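In what follows, a structure is listed as structure tokens, so that the remarks can point back to it.
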Amino acid sequence: MSGQHHVDYLLGLGDDALVYAQRLGEWLTHAPQIEEDMALGNVALDLVGQARALLTHAGEVEGADPVRDEDDLAMLRHEREFRNVQLVEQPRGDFAHEMARLLWFATYQRELYAALLTSTDETLAGVAAKAVKEVDYHRDHATQWVLRLGDGTQESHDRMQAALVAVHPYVAELGEDHDAARWAAEHGVGVLPSSLTDAVNAYISGVLEQATLTLPDAPRWHARGGREGVHSEVMGYLLAEMQHLHRSHPGASW
Amino acid sequence: MSGQHHVDYLLGLGDDALVYAQRLGEWLTHAPQIEEDMALGNVALDLVGQARALLTHAGEVEGADPVRDEDDLAMLRHEREFRNVQLVEQPRGDFAHEMARLLWFATYQRELYAALLTSTDETLAGVAAKAVKEVDYHRDHATQWVLRLGDGTQESHDRMQAALVAVHPYVAELGEDHDAARWAAEHGVGVLPSSLTDAVNAYISGVLEQATLTLPDAPRWHARGGREGVHSEVMGYLLAEMQHLHRSHPGASW
Amino acid sequence: DALAEYFDGLIEQDQRVEPRDAMPEAYRTTLVRQMAQHAHSEIIGMQPEANWITRAPSLRRKAILMAKVQDEAGHGLYLYSAAETLGVDRSELLDKLHSGRQKYSSIFNYPTLTWADAGAIGWLVDGAAIMNQVPLCRCSYGPYARAMIRVCKEESFHQRQGFEILWVLARGTEEQRAMAQDAANRWWWPALQMFGPPDTGEHASSGHTAQSMAWGIKRFSNDDLRQKFVDMTVPQAQKLGITLPDPDLAWNEERGHWDFGAIDWDEFWRVLKGDGPCNEQRIRTRVEAHEEGAWVREAADAYAAKQAARRQPEAVA
Amino acid sequence: DALAEYFDGLIEQDQRVEPRDAMPEAYRTTLVRQMAQHAHSEIIGMQPEANWITRAPSLRRKAILMAKVQDEAGHGLYLYSAAETLGVDRSELLDKLHSGRQKYSSIFNYPTLTWADAGAIGWLVDGAAIMNQVPLCRCSYGPYARAMIRVCKEESFHQRQGFEILWVLARGTEEQRAMAQDAANRWWWPALQMFGPPDTGEHASSGHTAQSMAWGIKRFSNDDLRQKFVDMTVPQAQKLGITLPDPDLAWNEERGHWDFGAIDWDEFWRVLKGDGPCNEQRIRTRVEAHEEGAWVREAADAYAAKQAARRQPEAVA
């Protein structure tokens, strides 16, 4: 089972990156300005890169015969086998919604990868070393936009505040400990998500204050279960789109 | 080649029904009133029934070894092999848009099936005999709504008129003759689409006049190529959604 | 007084109360609330299954599923009509649904994650609903009882269809079997919760069970219905070859019933109070459809008024 | 006058005209129009390929495609900046694109129907674009020439990537091979049309070729570039094992060039004038993105203004 926990832990990290890259990829040609098509494309590209490294490694640790590669894992798993948090699978909203989501997610990833630099899983530590710089930029990009939108016009302030409310039910899941993470933390492979929460909240509180925004009240409900493959109903549509071509040509190379 | 024309002709009819049923199915739980969830569901259900009969028959006429059944044809063909007109694949718009589309499509289907009652392809004539009554109801349903919306409030009038404009570039394709139809007309199997156009236009003009609406000017462009498998870019997403589950379990029964 | 006596007499003799009959205000209120909640459940209950219409794995299944969702819309309409016989208006009840002042069955706050969920909903959720509803065919209020007769007939058809979906999956590929089992795992406990809190103990609610029983609106207690459901369903699960996710499930020779494990009533209350996976989504979807359709309904009204005026030109002039 | 003489001298000596240099108004106008059209083509040209980002068949291909579409955004930015050196504003040029007063390359009015289209666009469309653009690296207007050097380097990378997509497909399953061939069938003729109408004959346009050549903005005629493209591409198609959809394609020993069949200029003009499969869709997508982003751009401006004011508090007080 310890092997499975290790795999599941890596899949959780990889699926977060993959699924969020998928949503960010939808922005290309739809961004508010061309510079932002590029910037969001960059973030998505970094995340695809992280996903590829993490899924490849997950497949190696799993050691199935034959070994499942990044595409086997991305394109041929069923919805219940994906271990990403529900935050990243939510449909694209307006630009404020995306910046709220990116702020939380990149801040979480930044703390996560910083902690993983010392992972006993050397491949994972290597991924983290590269990724921590990438997500530092992502966090900064989101921060700059949250400041601009929060302290821009009345409309942008209202939209940004509404976006924080919309995203809020999904952020608790980022800090929820699950079996695979508990195993990983015990073995020095990974880190307990809950151990990152204070640093994440501190950073975000700082940004929101400077942006004249307020952290919303505790939401009436919150998302749970992504790490166990329980997703929201939008996930199936996302996977249908992502996997359809690959599944339409079984065994083909691309 | 004559066999292929026969198959293609049937696929064209079947794909129209299937793809439009797919779009109409999206309305369930989204209609403006519960009665309309039921009514649009009914139309969709009739069209799925027509599609099943037509695709099954197309597979039999094709006579591949093994014979392709309705699900092989619906779930395992690629986009370029679908022969529906582009009208039916367009994304769901507002309710006026749907009623504009349904008015054109059901009026077309009504003339079509009436003409196919005397098809030398007895199976096709049988499908037409059942379907002609169904589409008569669809046409009537659309007609009643176009009257209500056209002659309802100012907003509904404007939306209905805008919907006619939006749908207009897609209606010419319904009346375009193509190789398979020419073959079918020559052999008494089918009918030239162009031969239906006058009757379709006459009916719709009558409805629009009564609804205080006007037929839009000739559009700057019009859709072409659906019968040869050239679709609009939305088609791939529709098929991904429709086929993903089936393709995810190769060889499974349901 | 005489009216109250007449009503009490009807109830005592197990006869039907009809809209024209005088009735206690509390009886009327209870019925309106119950019928509305029931209607809302049908309407909201369309969503989890409609989620699979565009993705059904075969055209036959697509057609069956469309017809089922359509039937649920129909059930909603019967039930709103039944409620309207007591002087309320559908639009008023919908407003209460949309604003959260009236509830719907909390089972629909769970997501349908795989195709097998369409089967599990038919088998377990419709199965539990029928168990609740069959006694209502003998409900003291005539219009409700008659609506339920019609609804129950269709529901049992749906239940068989759900069973058949799972039957085929359970005899399919390894992945299909796993899908069926997973769906049963996720829907079993919420289905047991559909009968409401237990009749006694710390989780019992301060409900109106006794009064509803006296009025002939309710015929069996929550726990009795739940036990009947378990007794009916366990053999079906065995036939399917699906394991129900309860290690305490065991035949009790003495009781002549199946024993089952403890239900997580904390989860039940949590979801009921809003912290379920889909509460917000279900209401949002419903409200959006309603709001986006406002201009259509207004147009239909305006058109009807114009038509009426045209039919009576002298009255207008 | 002296300024005109100076300009003519630069052109004669094949030297670069820079923003600070005086230049004829017609030269300026022609350049602005051409650079804008070129920039618009990069921006609109993102759409057909972005259409496959979420559906790319492997993660490696997804990454490459994202990077490519991003590069196109970058090219658009270089080119708008180059145009801005002549005193116009990007937002003004975008308005002209959105309202149809300025064009983009008509090739992007065709849909990408299969994954192979991502390959065909790279191979044929970028290939044709490079053929058009390489001479512009020696364009008389400095900022344009420098932008083109950068663009061309990336474009030839894209062209190789497109070729490689088709290479893999052409060596793949039967369905993949058919997909590659189908894409070539659909993109070949539109790619040939990318060089514009023929230099002579009934379809020749009353363009500004002669003047542009004299100014060093254009270096080769449309037909010359088209021939170069055909000569380059035919051997590549042979290497791929793809048949170009032209029965008249034949090596002409005498000319030392490939002969090719008649281009359907009626279709070219029809699509250019708006009756192409995607003209409306491309502009609608672009306009929607722009309009939906208006509040974001306004917020960024407002924030920048506030920040500037904060940096100079005394100026505000």
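Chains here go by letter, A, B, C and D, matching the order in which they are written, and residues are numbered from 1 within each.
Going forward, a residue touches a chain if its C-beta (ideal position, glycine included) is under 8 Å from a C-beta of that chain, and two chains touch if they have at least 3 such contacts.
Nothing here was measured: the structure is a model prediction, and the numbers come from that model.
Visitor: State, to the nearest whole Å, the distance from the C-alpha centre of subunit C to the C-alpha centre of subunit D.
Guide: Using C-alpha averages as centres, the distance is 59 Å.
Visitor: Please tell me the distance, in whole Å, between the geometric centres of subunit A and subunit D computed from their C-alpha atoms.
Guide: From the centre of subunit A to the centre of subunit D is 35 Å.
Visitor: If you average the CA atoms of subunit A and of subunit B, how far apart do the two points sit, in angstrom?
Guide: Here the centre of subunit B sits 41 Å away from the centre of subunit A.
Visitor: Which parts of subunit D, given as residue numbers and ranges, touch two or more other chains?
Guide: Those would be 55, 175.
Visitor: Please list all residues of subunit B that touch 2 or more other chains.
Guide: Counting only residues that touch two or more other chains, subunit B contributes 78, 236, 240-241, 244-245.
Visitor: Line, ring, star, complete or other: which one describes how these chains touch?
Guide: Shape = other; not a path, cycle, star or full graph.
Visitor: Which chains touch which?
Guide: The complete list of chain pairs in contact reads A-B, A-C, A-D, B-C, B-D.
Visitor: Which residues, counting only subunit B, touch subunit C once they are in their complex?
Guide: 18, 21-22, 25-26, 28-38, 41-42, 44-45, 48-49, 51-52, 55, 70-71, 74-75, 94-95, 147-149, 151-153, 155-156, 159, 241-242, 244-246, 249, 251-254
Visitor: Please name which positions on subunit C make contact with subunit B in the complex.
Guide: These residues of subunit C touch subunit B: 43, 46-47, 50, 53-63, 66-67, 69-70, 73-74, 76-77, 80, 115, 168, 172-173, 175-176, 285-286, 288-290, 292-304, 306.
Visitor: Under the touch definition given earlier, write down the residues of subunit B that touch subunit D in their complex.
Guide: Checking each residue of subunit B against subunit D gives 78-80, 169, 220-225, 230-233, 235-236, 240.
Visitor: Flag every residue of subunit C that touches subunit A in the complex, lowest number first.
Guide: Subunit C residues touching subunit A: 51, 55, 111-114, 175, 182, 186, 274-281.
Visitor: Using the touch rule from the top, collect the residues of subunit B that touch subunit A in their complex.
Guide: By the definition above, subunit B touches subunit A via 78, 236-237, 239-241, 243-245, 247-248, 250.
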